[in-house]
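Handing you this structure, nothing more for now.
By written order: A, B, C and D. Residues from 1 in each chain.
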């Protein structure tokens, strides 16, 4: 076993390095990803090792995402870095109307293996244009996969699978996780897309989340345990395709469901999970089904204000407790 | 009473005409909206009556939506026509990061009264880039309102309210409804945003929908009635803010819920409605809660294929029947 | 130009014209659904440019792309099948007129989003450059599309990176009903190249020979990694799409352009070197191709069925696979 | 230039410098959160341009916007309050450095989306034109932002519609770490105006007087409805934002530009006509303003609280109201 302490940031770096070394059809495009090493330092010095394949772009998110699509249609696997997830709005057309449709609309003639890596998330006081969590906007897009790793080994293992997937993948990183450090086993197998992970088994309530939410949930879980509430925590890891079976099985056991996400509750990812669970196992439900997440307002820059708008541990605990009963 | 038969298209035209005549701070921007009268003929000859205020733009959806935001911040009420809803992907940044945030992020100093009118919907064999129903992508955007009229009088009444609303509004029209004709009362009051409409009262199942879905639902309802199933049909009219009270009240009565939409079921509007209902009145539920809508694949151009992918009356009937039981 | 070449160009252009006329007829009879954008009047651009390039070269097109498809060598039978929504069509009937790709001939798609093809073509050119391949990308777009941000961003990157791409603007003076001079200070799209340090030139897009010879001269530059913007002045004889009463232009203007009909022009030249009988034979043979192809699609092909319609949103992926087995299309 | 005017310009520029230095200091002490982009080194552009325009004229800015705000006349106290996330801030603490609007002085916002302000400014200019008002819009943006599609689309519409707008590109040679010459064939953003038939000129952005006099000359054209692109060559002395080691440029280059420090330049000129004592007094008074303003924000203002944080996503609307009562901000 080759282990080493590793951050989430470096896990992604290592996955990228491995990918680039394994397959010369893989390239990376994005802003400030050469000397600067990426706004969050993820690509770091990769450009030294792969000078031709790390392509620093102008500030033209729509254009270079479209260029990535064209390169992917002609045989490359392209990893695009969008500096903050908020800027993905500039590339929406390229993702929704082009990348996601290519395989289907062309009758299977071409594939479009583009992975869009992008950091989401708030709690940093960056203000609304640099703090959003926007995966919900893409849940309804057919042909797109959505991946949001919460752990270091998932960041590594899911990125490998995402890049070798033959479909466009929205790969959501989280700013607050980049510095998270754990003991990491380099022989870790790639993590297949579409399989949730049971973070901790529990009896009373099924708490489902993704990305940074898993960590919020994990802390809440510890505290709840000391109050005698035994939470089962599930990390979806891949939002699309969604591993609803794992969630359903858990809810059949606990009879309760809470969805936790950093993004907007209204119109969020939770709505899909709740609806599918309800469709599949309503008779097993034994308590209120709740969602916790962002209030339906933009994210204020003020740190104190931001804390009120984004989900926190207290609100997670409250929801879990409410889910135990009917009122 | 001043009544007249009127199409959905002309109802919108009349609302625009009334608005432009009432308030000279109202302008319209979009492609081919002068001589051509708009791709679907909605603006028709308005440019003759209001030559300065109907502004025909280049094919620059992102740019002119941003310009609309700037004009709205400086005192105009701007109606933007996006020719097909599919092209709204090019203006996503302007909507999500700008229009929707202006009032909140500037601490209430400015408002951004931009109404984005755009036709959604398929069933016409136009192919994927001209057939989508994308409101689900915008449900999670705070600060935005979303309106989707299904009837002629709502098209008229909701547009009046949308334009006089001080917030950005996504106003979704439907290609298949433009020619729908009814007896129309010109003294119709403006329809307030945020209030659902009970299209028909019923005992057995609550069927909720919006836009063209209401018509599919309505036909299904008639056929189901002849089979002895009494459906209550609710037209949300406004998706955001969502009048969940009306839905909850109905579900408390019927004990059953089906959501019907033309867009993707996965990640769709239905997820939000189902989740809120479940949160509020789970103990009243007496049958499977189901969603009907588009399959999770792009829309094929072939008419026969399109019919398989988009929701149809048979599938609505099936879902309603399934909702009567637990299996 | 040599006689054989001229006949070649003529045949291609006429095939396009006949195809479009058939499509038009099918629409008017309600045998085709959806929408379509005919390129009647603009054939010289598609044929002149594409006849200069190779099968290996990529072409990216627009909503008005039937001509480009045919010039690039797509099979008329499979085109009709696609337009009719048949499973045997190039895209199984899933794409239709505005989303039509023919991988065989390196045709990377017509495109329903105005300007949407510009970054895609630029990306194909990036591929070529990264692999140091001996081919180029050709990107067609309209005057209207040059107002999209995608045009600006793409040409800038192509210029900075030195990509082997030929941008071909088919300036037919209108984007739908909007005269280009109403939405641009200059009437020439070619002028816009100045912002990117890209070379550009304007050609009479109604004259196949001129388009051909101009393109030929440019291509060596493009093959050496200098992007180029070629503007062809042309005109669409029909409306923008179905049911366009064309109130935004005069019949005089239309007549003037129709006098420059590219097919009539080349026919006239051919008549000087070819007996009318031979021309007639060519015409008849092309007409047959069209009719026979249509008949095949209509009678021998099957509608896209439910199973297939619900399949294919995602490409198959063999989990995580190491380098050797990558399911990577080339 | 008259003495009084010179002092005015100097004071404005210095106030900006001192403000930015204070912000920098607060960050380094962990008293400010989030991010910030300082304009130290670029003060001459903000002050030179904005000193020429009127209160009624609109200004739209970028992520690097403190200088524009101060030059336009924003209150330092309320700026600090905003950066500190206090309720008394211009935007109640909701906007912060990159989303900072001051309606009072017609400042339509800094902007966290690179290029995001360009269409907004163009829209403000459209408002002016439609109302036939006697004012203009001024749009600041960086060299990097000129690569966004929004730049292309906006300048095109401004040109076609003849909008009264002055586009001011602060070309500090870098977009974050990316040298403009790596992402554009030409080093001059001004060259891009050629595509739109918009006039442009380049000015030494380190020389306040030159910026001022050049702007003055241009403004009459703009006020007559001709958009104009002014490119100011400038340099940011600090990193892009917090924690930028500036590996992408040499210290020599930095030193060379620092020798052109706009504040030092104007100070030198003033010393020829003003006793050092008076200069000193100005400096001290500005320093006091900064300290006193900061103290006010830090000590007398309240943090954005829960109720307010959860309020305000939607503006109040008085249902359907007829013309008289429209809640329309002017």
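In this text, contacts are C-beta pairs under 8 Å (C-beta built on N, C-alpha and C of every residue); 3 or more make two chains touch, one makes a residue touch a chain.
Treat the numbers as computed from the prediction; the structure is a model and nothing was measured.
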Relative to subunit A, chain with the most remote C-alpha centre: C
Contact-richer chain pair [B-C vs A-C]: A-C
Length of the line joining the C-alpha centres of subunit A and subunit B, rounded to whole Å: 30
Distance between chain centroids, defined by C-alpha means - subunit B, subunit C (Å): 36
Separation of subunit B from subunit D, taking each centre as the mean of its C-alpha atoms, in whole Å: 39
Sites on subunit D at which at least two other chains make contact: 92-95, 99, 112-113, 116, 147-150, 152-153, 156, 160, 182-184, 312-313
Multi-chain contact residues (two or more partners), subunit B: 57-58, 60, 62-63, 86-87, 90, 93, 97, 101, 104-105, 127-129, 142-143, 295-298, 300-301
Residues on subunit A engaged by subunit D in the complex (per definition of touch): 31-32, 34-36, 39, 56-60, 62-63, 86-87, 90, 124-130, 295-298, 300-306, 308-309
Subunit A residues within the subunit C interface of the complex: 22-23, 25, 27, 52-53, 55, 57-58, 60, 62-77, 93-94, 97-98, 101, 103-111, 113, 142-143, 145, 160-161, 164-167, 189-190, 192
Footprint of subunit C on subunit D - complex, ascending: 147-153, 156, 159-160, 182-186, 191-192, 194-198
Complex contact set, residues of subunit B against subunit A: 62, 86-87, 89-90, 92-93, 95-97, 100-101, 104-105, 127-129, 134, 136-143, 240, 242, 263-264, 266-272, 274-275, 278-279, 282-283, 285, 288-291, 295-298, 300-301, 326
Residue ranges of subunit C touching subunit B (in the complex, touch as defined): 33-35, 85-86, 91-99, 111-116, 144-145, 147-149, 175-178, 182-184, 244, 247-248, 303-306, 308-313
